[in-house]
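Paired with chain B in one complex and with chain C in the other, chain A is shared by the two complexes that follow.
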Partner chain A sequence: MIRANVELRIRRQDTPGSAPYWQVFNAPVRERDNVISVLMQLRQQPVTADGQRVDPVAFEHNCMEEVCGACAMLINGLPRPSCSALIDELDHPIVLEPLPKFPVVRDLIVDRSRMSEHLQRVKAWIRIDGAWEIHERTQRQSQQAWARNYLYSRCMSCGCCMAACPQFGPDKAFVGPAPLAQVRLMNAHPTGRYDSAERLHAIMAEGGLTDCGNAQNCVRVCPKEIPLTTAIGELGRQTTLQMLKDLFGA
Partner chain B sequence: MTASIDNTHFLLRRLHSLFGLVPVGAFLVFHLWENSQSRFGAAHFNETVVGGLQRLNYLPFLELFVIALPLLFHAGYGLAVIGSGRAEPLRYRFLRNRWYWLQRISGVGLMLFLLLHVGMTRIAGMFEPSIRADLFGHMQQSLSQPPVLALYLIGLWLAVFHLANGLSTAAIAWGLTTSANAQRRFGWLCGAFGLLLGAIGMHGLIGFLAAAGGAA
Partner chain C sequence: MSAGRTVIVVGGGLGGLWATLTIAEAGHRVLLFSLFEVMRSHSVCAQGGINAVLDAKGQHDSVEQHIVDTIKGGSYLANQPPIKSLCEGAPGLIRTFERLGVTFSRTPEGLLDQRLFGGVKKKRTCFAGASTGQQLLYGVDQQVRRLQADGRVEKHEWWEFLSLVKDADGTCRGIVAMDLRSQELQAFRADAVVLATGGLGQIYAPKTTCSTNSTGAAASRVFQQGARFANAEFFQFHPTAMLGEDKTRLMSEAARGEGGRVWVPRDPADHREPGRIPESARFYFLEDWYPAYGNTVPRDIASRAIWKVTREFGLGIGGGDRVYLDLTHLDSAFVSTRLGAILSIYRKFAGVDPLDTPMEIFPAAHYAMGGLWVDFERDERSGGVKQDSPRNHATNIAGLYACGECDYAYHGANRLGANSLLSASYSGRVAGESVAAYLQGLGAGSQDLPAEPFDREVRRQAQINARFAGAHGDQNPYRLHDALGALMTAKVGVVRDNGSLDAAIAELAELEQRFERLDLGERSGWANQSLAHARQVFDMVKLAQVMAASARARDECRGAHYKPAFDLQIPEGKYAGDPEYEAYRARWKAANTRWLKTTTAEYATDGPRIGFEDVDLSLLAPEEPRDYR
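Up next is the complex of A and B:
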């Protein structure tokens, strides 16, 4: 049931290199719509507020339940997943822009491959296959450790924390908060911890942990409430100890 | 496997943080403590406070290696750090984000203030023996001009904020405080420390104006 029209101001961009421009739409909204469902509606009738028929707005989405991270964008100036941004809870008009700090592919779609490059840079994986077979299963961990580690495993690589970070950007070396939090997670894993010195060395190089300026926007905007600044503090402690080991011997 | 000490990036950044605390931060505390004795008047200040310092063993080396060079390194590297970020204090109106922005503003402001301050006291004293002989009178004369007093008040609070906030971020950087609660608690503690240090600094400035002047 269409309940009302809502004004959407959308920053559009036709190709990766082209200049962005703004368009205003009066989109029909139903009860309990979110930004993505409104954009889906709009795609069927891509007509601007002054009656001009335009190309449908390009956007990305997948899970519609805030676990895939694909639909993150700037909504009324703040980065967040658009599937969990309910129209009823937003100030109007609703302003939509592509997630900043990442290159725009088209309209609201950005290229987040830097996220995966940075996850690779900090070795955010667990080595289970060596040159030999490992017959052992992963060791058990305490319920308490499990509960703490679980928080970080919820990261969906949406990039909101990176977009809000003053130290992260296309022209900056900083790996960003999400990859750092994954180092925290992997270093605590019973098998992953065997490679923790390597991960620490990766984040003690250019663009690593020390490029964090403690603005702490990341933890404020993370939709999964991941304790990013706790991870950064814990990695601060781990790198301090690693530095002492490197200086004086392990 | 390359170790962290084969790459200077981490060490330099930690050195910047360390120098901010000691010796530069520690010197700021000492400096404001010494100046708070201005209320005892010209004779005590010139002879006991300034005289005591001027008679210190190896004074020029201490001034150079404990104050000037660490401060220059911290300031120079600080400028590079400022260039590596882009604050958005209006978009993200969170407290820590405002502090992040102010830490950088205060760093630049401090650099300008310190150039003037060191120029007007230590450097001017090298050319003008009368300033060295009666630093109290010199400060009293300077601070009784309202623009200079305003400049010193701004410089004081910039320095105190920068140290107090720097203390709370250094605790995160080195891994002293990890949980959000610990970071919040320590943040309040640093705030209280800053207010106390600022009050001591204000007391020092007022002392120059209120206490009996004249070297004779």
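Up next is the complex of A and C:
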């Protein structure tokens, strides 16, 4: 049931090249509504606070339960998934902007293909012979090791940590926290470990680990509470060792 | 190997990514299409797990039992050879996932752990915390990214599949797709096309656990181009979804598998906090009605029981559409490690901690057992399907394959929990092998065809876009979607009757008419989401018509399709050997001779043509009715 109206200030942009502009909406809100559900209501009748009928606001969403990573945006200045941003828990008026650091496609939609490119750059995969049967038992792994690895496998490439990172940006080479955490994960896998040197070399190159300025913003904004700075610390030790190995040919 | 061909895979969920991997590894170039980055596909939502018999829990589990459970769980409606191969293939598939780096949960000895799921008595479900689908999808996503880096896969993300292109013989030779940013329409040539576009729960929006992109529009489009659809009336309502106005989020069946209990206050006027209601004043209706399986009865049974307790007995909490799913009696550390992901969903969206307070849930639209009709070739020797046969997962359109939730194989009238991450992955792999076999026998490639059929299809799609964009009526596409969801939830839902179904069919025809008076409400020529949505909703209406017509045609109760007017009730307190039970069994068998058939639908402009075809029952004759008491 409609309970109240809420003021939304939305930064809009029609095309990647065009100038952004602001619009204000008074949107109806129901019990336990979140930013996405309000935007979904609004697109049925997109009328601004001063009565102007405009094109619906473009935004991304899919799972609506904070696991697909699609709907991240800047809400009251903080990068976060919008489906789990409950209206009741936000300061009003609510200010919505596209996720920074990534090129805007339209309104609140950004292009995060750089994240995928960076995952390629650090070879965030296990190199297998082929996805066919090899008739071998699975490798053992302790529950403790599992618990540590599982944390990192929950990264949904939402891009919040990248948006919050002062070192990551359109003109900067830094690979960013999320792909680094994946290197940590892959290097811990029993066979993924075989290629750790290659992954480490990738993050020892330009735009790699040493570009991290240790601002620790990433770990504060990650909606999945992924210990990104712990991963970065571990990788620091791994790269140091790798450097020594490279020097002494161990 | 002959020079690689080009194959199009539409959809990058588990089904599509497995197909992509298999086809690329066979040496062909894959063009992979998806509405968005493939790693955001609906498969990530799956929480509970994936079935495979490992028999490492001291329960004497066996692949045979998995086969029997799946056949019976689906009320015998699924062809049996594919089920056999599916269950036999499951352990190897899990081991492959493991090699891809999937973080499956472990036993204290470091081996794969397994949990209990509905409709079975053995712990058979592998899981990765409560984010299994996410972990499985990322496993294959990473491999596809590796192949992409090698130039063997070309991703077309942010492209929407609109239609097939067929040659003069009716063979599928490519697709037309729309760039969701520039809105450009383009034809792509391919020697085979695999459709892996997922489920269709959005037809019931917002009362669905499915992602907003699970529309079924792509399957509807190929149906309208001549692909057969099968068992459309079989749609699963998951018993335990959160209440919600934008979406009814799933609370995985794992919650019951790990010991969660479903109950209502015995007195609907009992307004005490649930924790203050003593055991004696609680009605654990699943345990009461189904002592053998208790809370882990299959989903269709649990959903109907909840329906009965709320709608017939009026015992819903506060008299409403809600019952408790209770975890508060379980060890909180145990529950947190095993179900962490769903606990945090409930905390976030309901604002209540399920470790302290029972969750409130109700059934919601979840999974399509029905889908595009696909073929298989039976291997007479093994009783399963013949490996590497080009017929497996082929639709009736030559060169078009389907896998994942958008096909109809494996689950019959009801899907067992944790069987569909399995079928989505396995069918993707099989479809991939099948495509590779098909390409071996294929003559001239699509590159040699004249441009004409491709250009013609692009023109046709451009006309449809122009019609949708140019309409000047008063019908908003998002509201049309709401109307569709409300209609389907009310009239083609958990409990059905022919009067409501007739009304649904009439209302769906009227809803289709309303598109003539469309008002897109959006003028932008760049990333116009209303245009894409309106087209999807139109095709969803066309698919909903198939669902309603198929439901109307089937006058019986089977699995998820429940028409009380035709229910054969199991005599209470009677079991095999009792004369009353045997009389019931005889009636059930007689009904099977009429109704144990696959429903098929073919497109016609004045409404779908419904037919029936035999089911392959070569492994297990239907002697035993489903009985979960």
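One rule holds in what follows: the second predicted complex is superposed on the first by the 241 of 250 C-alpha atoms of A that agree within 3 Å, B and C clash if a C-alpha of one lies under 4 Å from a C-alpha of the other, contacts with A are read in each partner's own complex, and residues count from 1 in each chain.
As a working rule, contacts are C-beta pairs under 8 Å (C-beta built on N, C-alpha and C of every residue); 3 or more make two chains touch, one makes a residue touch a chain.
Because the structure is predicted, anything quoted here is derived from the model rather than measured.
Superposition of the two structures on chain A shows chain C fitting alongside chain B with no clash.
Rounded to the nearest 10, the angle at the Cα centre of chain A between the centres of chain B and chain C is 160 degrees. After overlaying the two complexes on the shared chain, residue contacts for A:Leu96 are found with neither chain B nor chain C.
In the superposition on chain A, A:Leu108 makes contact with neither chain B nor chain C.
Looking at the shared chain after the overlay, A:Met73 reaches neither chain B nor chain C.
By the touch criterion defined above, A:Asp14 lies against chain C but remains apart from chain B after alignment on the C-alpha atoms of chain A. Contacts of A:Val175 after superposition: neither chain B nor chain C is touched. For chain A, the partner touching the most residues, choosing from chain B and chain C, is C. Touch criterion not met for A:Val183: it reaches neither chain B nor chain C. In the superposed pair of complexes, A:Gln141 makes contact with chain C only, with no contact to chain B.
Shared-chain residue A:Ala163: touches no atom of chain B or chain C.
Nowhere in the superposition do the C-alpha atoms of chain B and chain C come closer than 16 Å. In the superposition on the C-alpha atoms of chain A, no part of chain A is touched by chain B in one complex and by chain C in the other. Contact residues of chain A toward chain C in the complex are 14-15, 30-34, 36-37, 40, 43-46, 55-56, 58, 60-70, 84, 86, 105-106, 109, 112-113, 116, 119-120, 123-128, 130-143, 146-147, 149-150, 153-154, 156-157, 185-186, 189, 191-192. Within the complex formed with chain A, the chain B residues making contact are 1-5, 7, 9-11, 13-14, 81, 84-88, 91-92, 94, 96-97, 99-101, 103, 169, 172-180, 182-183. Touching chain A in their complex are the following residues of chain C: 18, 21-22, 25, 36-37, 39-42, 44-45, 92, 94-96, 98-112, 128-129, 131, 134-135, 138, 140, 142-143, 145-146, 148-149, 157, 181, 211-213, 244-247, 249, 337, 341, 345, 348-351, 429, 476, 478-479, 521-524, 526-527, 529-530. Only residues 77-78, 164, 166-167, 169, 172-174, 197-198, 200-201, 204-206, 208-217, 219-221, 227, 229-230, 232-240, 242-243, 246-247 of chain A touch chain B when the two sit together in their complex.
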